[in-house]
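Heads up, the thing below is written out as structure tokens.
For reference, chains read A, B, C and D in written order, and residue numbers begin at 1 within each chain.
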Amino acid sequence: MVPLSWYLVFAAALFSIGMFGVLSRRNAVAILLGIELMLNAVNINLAAFWRYGDVRLMTGQVFAIIVFAVAAAEVAVGLALVISVYRNRHTVVADEIDMLKW
Amino acid sequence: MTTETLIWLIPLPPLLAFFLIVLFTNKSKALSHTIGVGAAALSFIGSMVVFVRALGVEHLGESPFESAVNWLPTGDTWFRIGVLIDPLGAAVLFFVAITILMIFLYSVGYHNYGQPAGDHDVKGLPPHGATITDEHGHKHVVPSVEPMYSRFFAFLGLFAFGMYTLVVSDNLLTLFVGWEIMGLCSYLLIGFWYGKPSARDAAVKAFMTTRIGDVFMLLGIAFLYSATGTLTFREIFTEETLHALASTPAWFGMTTSGFIALLLFIGTVGKSAQWPLHVWLPDAMEGPTPVSAMIHAATMVSAGVYAVIRMFPLLTADYTGHGLTVTMSIVAFIGAFTALFAATIAVAQNDIKRVLAYSTISQLGYMIAALGIGAYVAAAFHLITHAFFKALLFLGSGSVIHGMEHGVLHTGNHHVDPQDMYNMGGLRKKMPITFWTFLIGGFALAGFPLVTAGFWSKDEILADAFGHGHLAVFVTLAIAAFLTAFYTMRQITLTFLGEPRTEEAKHAQETPWTMTTPLIVLAFFAVTYGWVGIPEHFPLLGGLVPNWFHEFVGSTLAEHPEAIEFNPIPLLTSIGVAGGGLILGWLYYRNVKSVSEDKFQIPLLKNKYYFDEAYNFLFVKPAYWFAENIVYKFLDKGVIDGILHAFGPFTQGTGSALRNYIDLPVINRAIGDGSAEITYWFGGKLRAIQTGRVQQYLMLALVTFIVIGAALYFFVLA
Amino acid sequence: MTGEQIVFLVVAFFTLAAGFMVVTTRNLVHAALWLVAALFGVAVTYVTLHANFLAVVQVVVYIGAIAILFIFAVMLTRRDMRDQGPQMNKNWWLGALLAVLTFGGLYFLLQGWEGMTKTATSYPVSFDAISELGSALVSPVGYVLPFEVASVLLVAALVGAVYVAFNPRNGDTRK
Amino acid sequence: MSFWNDPLKVAADWLLGVFTGWGMPELAANILIGFLGILILISLLMVLDIGLVWVERKVVARFQDRIGPNRLGPFGLIQPFADIIKLMIKEDITPAGADKVIYNIAPMLSMMSVLILWAVVPLAPAILGVDLNIGVLYIIAAGSIGTLSIIMAGWASNNKFALIGAFRQVAVMISFEVPMLATMLIPTILAGSMGTAAIVEKQDIWYVLLAPLGALIFLIAAIAELGRAPFDLAEGESELVSGYNIEYSGMKFGMFYAGELLHAFTFGGFWAILFFGGYRFFGLEKVSPFLAIAVILFKAFIGYWLIMWVRYTLLRIRIDHMLAFNWKFLTPLAFTLIMVTALMNALLAGAPAWLYIAGMFLSNIVVAWGALEIARFYSRRERERIEGKQVVAAGH
């Protein structure tokens, strides 16, 4: 059998990879890609805890589904923002979108 | 629906109509009057249902319809308000409902609904007529619609609410609330045409004069509440309470009950325009002619009398049957005096409405006098019959004026006063319905024997006065009755009989159905209502119809008043003065062709005994002087302004000291600028980390998070 | 090492590799496609956890909608796709350090947790997870409120996305 | 237990005996047998696919008043094989500037997305790839892989026409997935399960009788999903010169083409499964699995033929009209229909069968009628807005 720790470590690794993407990529769309990876890592954890706890308690799956909904909403709004910014500033490089500096 | 619930609901439709019209339907005339008349009709139906149910209850006096709710917490107990319909209330509700509905209906026609808007009518002035061109190209001037039509119905609705509240309330406080609402409406309606200075003055005069009475009434209510701890009628009118009140002496040789009754009575003096507070009522005729006048004749001023009738047990609490008490003497005196006094003035007035106004004062005096001598049922009876025929007369006079205005518009001569009786004459052919109904009303007022309601009620008062031995009152009232018949016949003769004295009178026209219908309805009651109260021992007629009114209204009192013995002297007197007055009036004024031929134009009477002038000199002028010299020049300018002017330099000195020595150096320099400079310095140093790049922010946040997390873990958890 | 473990290791390795490609590939379309691969890996992980519904929804929502949306967005902003400059910002080493630190911290914390080595109980044979999930989502004693909140969130996001991305210059042709 | 009654089991047992006889462990043998089954199913499908090419060409010819392939073999039956040989020996071109890996993966994914659908097609009572209890969702999931393949093909070709075609196709597919999923939920509600096998098992009454409108919406959405006329905007020969597969040639194009045909046939099959009783036909399926397979293939062919009929009869619709039609008409209608169906299903639970059927059928008709009335009202208003109010000329 696969122990729970494998899933957790796997999810933590995926989360860290996604975080690296979020922190390091210049392209705003790529940053959103990283966020998706992080959300998936969370979902793996939720599903794993559901499976390794009492399978009759559906909390893990329910929360995973709500994370799906949140992810969909986040992507829709995020990409709309990226496109809107691109239309006005002709760039999607996160470093160049720095109008809010001092 | 239980009768009690229905009673609660009766006053509400007009109030609702008021708010609906004011808030929403002000723009639409048709909608406004539909709502107004509809509300009045709803209340009318409710009242009639209550009345009919009240008739069906035996011993209604002992177990009336009543219902009360807690209203104000007063320490451990509650002040309760509620509704009460006993026989008196039912009888009053009957005539109030009818007359109010009639007012509403009549107003539709009186304000020329359906006519075009005036050529140069403005809000606040009566309509001046509109020019229309017919299909032949001829121009006509026709009556124009009232510019503030909707507002009028709103006011009437509020008035009706006040009146119904007063009638159905079971305690003095809500009665007083209704009373004051009507006072406000009276003010608003007298000043309805606020563009006219005379109307403005009359409104203020009416409001101020009645306010005097109301203050005393409020005092009486307060005294009563402190003495008994309740304002509910049926709790006051218990044997013990009344006895306790009657046996406690107060000031001026009066008992507590008598003193309270006197205070409450002063309220009535103001509301019912009794001498010496009668001066506002004739001026109130400045309002829209028949309608507000009718409020000031049939319903609202009757409310004053109603209040006294209501408080009758209190008034007579210390009355043993032998010799009037001080309070009752005052009441009787004022009533009788007013009856005679107003009647004499009425003889010399030429304005058709003013004659009726003084006649109203006189008739109200009749009722007050009757109450003063303890004739409870007679007063109530006369109250109701008077309401019917006086409403009829006022509406009739409004109809006459309306017809005359038609003539004025026709000739275009606006200098002719359509209210002056010497400009009329011969109108019976032009306005037959108005004439016949006015004749019925006039005869009822004069007390034309046997057929009119006024005869029976007036006769009962006279019989009571004579029967109980109050001869002075009896004689005074008899003379007043003679004068009443005389000036009534004078009015009828001058207005309707003979030949038209002016061009305008020739072109007068009958008024529309909305105005004549109320006349006919009221004329019916002006004749028939008398028959419900024919004394049982009356020759021939007595016993034909049972004396229902006496039985029914009399049962309101705990002690059932006995019908007095029949005596031919008051009857003959009554017939004599009525007939004599009528015949003399006709004989004399038949031949009078103009004002100069009228021998009764005595300056003293013409000028109402100079009461206005006297009040002006005694109260108004001193008040102006006091306001100008004492309050304004001395108190306001000298004392208060002086203090204020002293404040200025003082404050300025203090202020500049504070500014120079505290504000500028300490607060401004050190605290204000100092904190800003410190913030600025820090900002300059710290802004380097505000790069505007989200990823750097996130990195910073994560670094902080990891550092703090690690520190917490190692130092706290481990 | 059992078959399940081998399958898991293969899938996990594949997923992590795909994830790594997502964050390092220069070409953004490739990155998005690698994301699809990684998401597939996650879907397979769900299957190994007996969460079939989640797996299929993962494919429908993530691959069918979100990944496609990403590819759209990349193509709509394609001027930067040809950007030949560096794909990483100047602080990428700090990001990498932080990622490693995070992973290390998480691993460290997980090591200290006693539930870590827990093994799964055998999956009940006749257990219908989907109808359980369905009733949990709409039952008043279950999660109907979070479910409704999520749907409201989705509607709000939909409206917001349309509003933000709406181009007023050539958008409304009805005028 | 004979081959006639349960062929899969008999074959599997025999193979297991053979393999273990060779000394294989049982687990490995089972896995091998599973792979063999998949291989056989796919091979059969491919053969069927070749047949479909012939069917399609013949049918379109008849619709267009032509004869169609008739030279090679009887009725031109050899023609598709000749086509395949031609495609296979054609030069395999990968355009310069194309993204080679993605360009080559795309046609495979396209074919794959169709083939994996057959995992949940119940061919006969016990003959089913895998009885997923979320079969209906699985269909959508497989469809999204098809979407992915198209956008990969369009983008990797490095061609503007291809990219535009892919964009259009993806927009359409994502949009029409919504009403499709919604109508798929109707059989789910009626059967109480998402599994395809369970839906067929429960279908004592064909669901087309209970949800005729649902069946219609599903068919429309399926045609859009397939990208066939009148919704073939991705190809649009006249505007986009074949759309996303413009750069493909040889067998790569052949895979797209075969995938499309098989996809259409597959959706004909799903239509039959969801609304026409699948393999059930008056008890025939109980006689023999082979008869059941024949029944479902027959039904699938009927659906396929209907799709072809629509394709070769109707004109292409403009993209904005099509998306507006989906979002403003089909999607709300589908959602309304779900709610009405669920409500009626709950209300009529326990009612006699005839009342149940009549109630469901009538509620569908009412919903359809109402939707058409609303659509007519808006279209009339739109027409008046554009053309001005038309005054009906009085007769002279």
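Criterion: a residue touches a chain if its C-beta (ideal position, glycine included) is under 8 Å from a C-beta of that chain, and two chains touch if they have at least 3 such contacts.
Just so you know, these numbers come straight off a predicted model, no measurement behind them.
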* **Centroid spacing, where centroids are CA-atom means, of subunit C and subunit D in whole angstrom** => 28
* Approximate Å spacing (C-alpha centroids) for the pair subunit B, subunit D -> 86
* Asked: So what's the Cα centroid distance for subunit A and subunit C, whole Å?
  -> 6
* **Distance between the centres, which are taken as Cα means, of subunit C and subunit B, whole angstrom** => 80
* Junction residues of subunit A - those touching two or more other chains -> 19, 22-24, 94-95
* **Touching two or more other chains - residues of subunit B** => 695, 699, 702
* Asked: What is the shape of the graph in which nodes denote protein chains and edges denote touching chain pairs (line, ring, star, complete, other)?
  -> other
* Kindly provide every pair of chains that touch. => A-B, A-C, B-C, C-D
* Structure fact -> subunit A partner, complex, touching residues on subunit B are 687, 690-695, 698-699, 702
* **Residue ranges of subunit A touching subunit C (in the complex, touch as defined)** => 1-10, 12-27, 29-30, 32-34, 36-37, 40, 43-44, 47-48, 50-52, 55-56, 58-59, 61-62, 64-66, 68-77, 79-84, 86-87, 90-95
* If you look only at subunit A, which of its residues touch subunit B in the complex? -> 19, 22-24, 31, 94-95, 97-102
* Of all residues in subunit C, which touch subunit D in the complex? -> 3, 27, 29-30, 33, 36, 52-53, 56-57, 59-60, 63-65, 67-68, 71-72, 75, 128, 130
* Flag every residue of subunit C that touches subunit A in the complex, lowest number first. => 2, 4-5, 8, 12, 15-16, 19-20, 22-23, 28, 31-32, 35, 38-39, 42, 45-46, 48-51, 53-54, 57-58, 61-62, 65-66, 69-70, 72-74, 76-77, 79-80, 83, 85-89, 91-92, 94-96, 98-100, 102-103, 106-107, 110, 115-121, 123-124, 127, 129, 132-133, 136-137, 142-143, 146-147, 150-151, 153-154, 156-158, 160-162, 164-165, 167
